[in-house]
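So, here come the structures, one by one.
Shared chain: subunit A. Partners: subunit B in the first complex, subunit C in the second.
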Partner chain A sequence: MTKITSRHYVFAGLFAVVTVSMMLNYSPDTVVSAETQKMYDFVESLPAGSTLIISFDHEASSLPEIRPLALAVLRHAFRNDIKLIGTALLSEGTGVGYRLMQQTANEFNKSYGVDYVYLGFKPQYIAAILSMGESISRTYPVDYLGKTYSEHPMLKDIDTYNDIAGVISIADGSLTTHWIEYGNARFGVRISAALTAAMVTTYDPYLSSGQLEAIVGGLRGAAEYEKLLNIGGGGKRGMLAQTASHLYVLILVIAGNVMYFRRRSSGRGNT
Partner chain B sequence: MAISTITAGLLTLAILSFLYRDNPIYKVAESLLVGVSIGYFLVITWSTTLMDLLFIPLFSEHKISLVIPFILGLLMFGRFFKGTSHISRIAIAVLIGSGAGAAIPAMLNARTLQQISATIQPILLESGWLDISAIVVIAGVLSTLAYFYFSREHTGSFGWVAKGGTYFLMAFCGTTFGYTVMSRMSTFIGRMEFLLSDFLHLTQ
Partner chain C sequence: MSRRLPQIVCLLFGLIMFTLYFLDHPTAKQINTLILVDYWQIIFAFTLVVGVISFIRNHVTAISRGNDRLYRLLSLFGVVLMPILALIWGIKGDSPFMWVFENVQVPLQSTVFSLLAFFVASAAFRGFHARSGPAAVLLIAAFLTILSRSSLEGLLPDFIPDIAVWVRNNPSMAARRAILIGIGLGSLTTSLRVILGIERTWLGGEK
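Up next is the complex of A and B:
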C-alpha cells in the first residue's frame, strides 16, 4: 500500500477544485488582451475569398489546450468566408487538424476542395516550408485524402506564398519559429500563431519585432477569442476552472513559503 | 457512447492513475501512447512522403532526378551493418551540409539581425515624452548581456549592471513559469472537460 503523502493531497485538491469549478457551469467575463485583439483584427482584415494556411504544428498531447484555440480561429476564418489550406509539420497534428477542420467546415456548410483543403503532413519542416515557397503543388502533389492537387477548384490559382494571405501556425513548440525564419524572412509571408500558453513568452519578442503578425495563446486566449466572436466554446467553459486552479496554486505557494519561514525561524532546518 | 470516447476516457484515467503511484495500468497506457505515436508517424511518412514524393514520381512518372535522393536514402541503411556503416556518412554529410546551409543565414537574419533591429528603437516618442518600454528593453538587453560576459569580474559598476541583468532574467523565468503553470492547468482542464461531459455526462 502506498503511503499517502502531501503530494497526493495537492493532486486531490487540484482535482476537487477543477471538478467543482466545471460542475458549476459558469463562465466568468474575460478582458480581451491586445494580443488576441490583434489576431482577431488580422483575420478580420482579410477580404472574403482570400486564402490562409492553417498549420497544425503540435502533438496530440496538447489537444486539450489547442482544441478551443484552433476551433475559435477556424470558426472566425470560415465565418468570414476565408478559404483554408490545412497542413501539419508534426505527424501527430495531422489527424487532429483534419478532424478540427472537418468539424468547423460542417458547422458553416463549407465544401471540401472549394472552401478548404487538407494537404496533411510533410516531414523535415525546414524543407517543407522552403519547398512550399517554391511550389505548394510540388510539395503536396496529393492531399491528405489522396486526391491530386489539381482536382481542387480552390487551389487552381494557388502555388506559392505569394498567393496566400498568411499562415496561422497552431503550435505547442518551436515550429512556429521555422515559419518565421523560412516563411516570413525568406518569402515574406505573414505569420501568426495560436500557441499553448507555455510558448507565449518564447514568441513575444517576434511579436514585438513585427516578425509575427499576431499571437493568441492558451485557454485564456481561446476564451478571449470566443468573446470577440460572440460564441461559446471550450475557452469560456474552462475559465472558471482556470481561475480557481491558479488561485489554488497561489495559495499553495504562499502556504509553502509560510511553512518554510516558520520552520527556518524555529531552527528546524533551512532547506 | 462511441467506442472511441470510451477508449479515450479509460486511457485518460489510466494515465491519471500515475498521480497515485506507478502501476501496470499506467504502464500499458504509456506503452500504447509510444507505440501508437510511432506507428502513426511511420504510416503517415510512408504514405505522404515516400510514396507521394519519391516512389510514385520515380517509378511511375520516371522522374530520373529523384534517383539521387533515393540512393542517398538507401545509403542510410548502411548503418545497420558494421562493415557498411561508413557509407551512411555520405548521406548524413549531405543532410547536415544542406541543412546548415539553409539554416545559418535564415537564423542569423530572423533570430539575430531582426531582433537587434527591434531592440534599438528611439527612446523618445513623437510627442516628446520618453518611451519607457523602449528604455526598459534596452536596459534589459544590455544588463543581461553584461551578466553573460565572463571575461571580466562582476565587481564595481559592471557588477551592478550584471546584477541588474539577473533581475531581468528572474522576471523572464517567473513569467515563463507562470505561463507554463497556466498551460499545464489548461491541459488538465481540457481533459477534465472531456471526462465530465463526453465520458461521464456529468456536465453539458
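Up next is the complex of A and C:
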C-alpha cells in the first residue's frame, strides 16, 4: 500500500478548499482592472451593425476558463448589435465555438446568417490568417453548416479584413501571436484577445506596443467583464474558489518556507 | 538527388512566399491565395496521413511487446471509432461525434489539465523556497502577483496590487520582450538556413 506523504495531504487540502468554496453560494466583489475596462470600451466603441471576427483558438482542456470569458465577450457583442463571424484556428475549438455562439445568439434572439455566421475550422493557422486577408470567401467557400458563403446576407459586403472592425481571438496558447504577426502586421486589422490567465503576461509587450488592442484574461477577467455587463456568469461564480485556492497555495508556500528555514537552522538540510 | 530535389523545392517556395508577402499586385495576390488556400492545405492533409500512420504503427508495436496494452488498445479504438462516427453521421450539431467530443474528450482533457493545480500546490509547498537572494525576489513577486489576481479587494492594502502591476509592466515585460526578440531573430536565422540549404537536418539527420 502506498504510504501517505505530505503531498497527499496537500492534494486533499486543495480538493477540500475548492469543493467547499464551490458549494458556498457566495461571489466576492471584483474591482475592474484597467485592461478589462479597455476591452469593454473597445467593444462598446464599435457602432451597431459593425462586424467582428471571433476566433476560437483554444483546446478543449481550457474550456472551464475559456467558456466564461467567451460567453461574456459574445454577450457584450450581441447586446450591442454587433454582427459576428465565428472561426476556429484549432480543430478542438470548432465545435465549442459553434455551441457558444449558438447559445448566446439564442439568448439575444439573433438569426444565423443575418446577425452571425460560423465559418468553422481552417487547418494551418498562418495560412488561414493570411488567406483571409486576401479573401475570406475564398478561404471559407462554405460555412460550418455547409452553406455557401454568398448565401448569408450579412456576408454580402464582407471579403477582407478591411470590411470588418476587428478580430477577437479567444485563446489558451500562442495563436493570438499569429493574429498579431500576420493579421495586424500584414493587413492592419485590429486584434484583441480573451486569454487564459497563464497566457496574459505573454501578450503584455504586444498590448504595450499597441499591436494588440485589448486583453481580458483568466477567470478574474471574466468576472470583471461580467461585472461591467451587470450580469452573472461562470467568472463571478468561480472567483471564490479561485481566491480560496490562491490563498491555500500562499499558505503552503509560507509553511514550506518555515519548515525549510527551521530545517536549515537545525543543520538538517541546506538545499 | 534525393536530397537535392527537396532542397531546391524548399529554396524556390521560400523565396516565392517571401516575395509574395510584400507584393500588392493582383496576380501576386492570386498566386498567394492559391498557395495558401489550396497547396498548403493539401500538404497539411498529407502530414495528417503521416501522423495517423505513425500513431498506429507506434501503438501496434507497443501492443505486440505488451507495453501498456489496455491504454494503447483504447487509443487505437478511438482512432478507428471517431472517423466511422464522422463518416456516418457527420461532425456537426448533435451528431454522435460531437457527443463523444463534448462528453468524453472535453471532460477528460479538462480533468488532466486541472490536475496541474494539484501539482502546483504540491510544488509550492515542497520546492518554492527562498534558498538565495534571487529565489527570494521571485518568491515575493509571485506572492504579490497571486494576491493581486485574487478577489481580496478591501482586505489588501492598495500598494500590493500596484506593486504587482509594476512587476508585470516592468521587469516581467522587459524579460518577455527580450525573449520575443530572441525568438524572432532565432526564427529568422533558422528559416534562412533552411531556405538556403545550410540547415539540412529536416532531410534526415545530416548536419
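We take it that the second predicted complex is superposed on the first by the 271 of 271 C-alpha atoms of A that agree within 3 Å, B and C clash if a C-alpha of one lies under 4 Å from a C-alpha of the other, contacts with A are read in each partner's own complex, and residues count from 1 in each chain.
In this text, contacts are C-beta pairs under 8 Å (C-beta built on N, C-alpha and C of every residue); 3 or more make two chains touch, one makes a residue touch a chain.
Predicted model, so just to flag it, every value in this text is computed and none were measured.
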item	value
Which superposed partner A:F11 touches (first subunit B, second subunit C, both, neither)	both
Touching partner for A:T201 - first (subunit B), second (subunit C), both, neither	both
First, second, both or neither for A:A255, with subunit B first and subunit C second	second
Partner chain(s) touched by A:E134 [first = subunit B, second = subunit C, both, neither]	second
First, second, both or neither for A:Q211, with subunit B first and subunit C second	first
Which superposed partner A:L145 touches (first subunit B, second subunit C, both, neither)	second
Which superposed partner A:T2 touches (first subunit B, second subunit C, both, neither)	first
Which of subunit B and subunit C A:L74 touches, first, second, both or neither	neither
Contacts of A:V117 with subunit B and subunit C, given as first, second, both or neither	neither
Common ground on subunit A, meaning residues reached by subunit C in one complex and by subunit B in the other	11, 14, 60-64, 92, 95, 123, 127, 130, 144, 186, 197, 201, 205, 208, 218, 220, 242, 245-246, 249
In the complex, subunit A residues that touch subunit B	2, 8, 11, 14, 18-19, 22-23, 25, 60-65, 67-68, 91-92, 94-95, 120-123, 126-127, 130, 140-142, 144, 177, 180-182, 184-186, 196-201, 205, 208-211, 217-220, 234, 237-238, 241-242, 245-246, 249
Contact footprint of subunit A on subunit C as seen in their complex	21, 29, 32-33, 36-37, 40-41, 44-45, 91-92, 98, 101-102, 105-106, 109-110, 112-114, 117-118, 120-122, 124-131, 139, 142-143, 146-147, 149-154, 168-169, 172-173, 176-177, 180
For the subunit B and subunit A complex, residues of the former touching the latter	19-21, 37, 40-41, 44-45, 48-49, 52-53, 56-57, 99, 102-103, 106-107, 109-111, 114-115, 117-118, 137, 172, 175-176, 179-194, 196, 202-204
Subunit C partner contacts - residues on subunit A that touch it in the complex	6-7, 10-11, 13-15, 28-31, 59-64, 92, 95-96, 98-99, 123-124, 127-128, 130-131, 134-135, 138-139, 144-145, 186, 197, 201-202, 204-205, 208, 218, 220, 223, 239-240, 242-243, 245-250, 252-253, 255-257, 260, 271
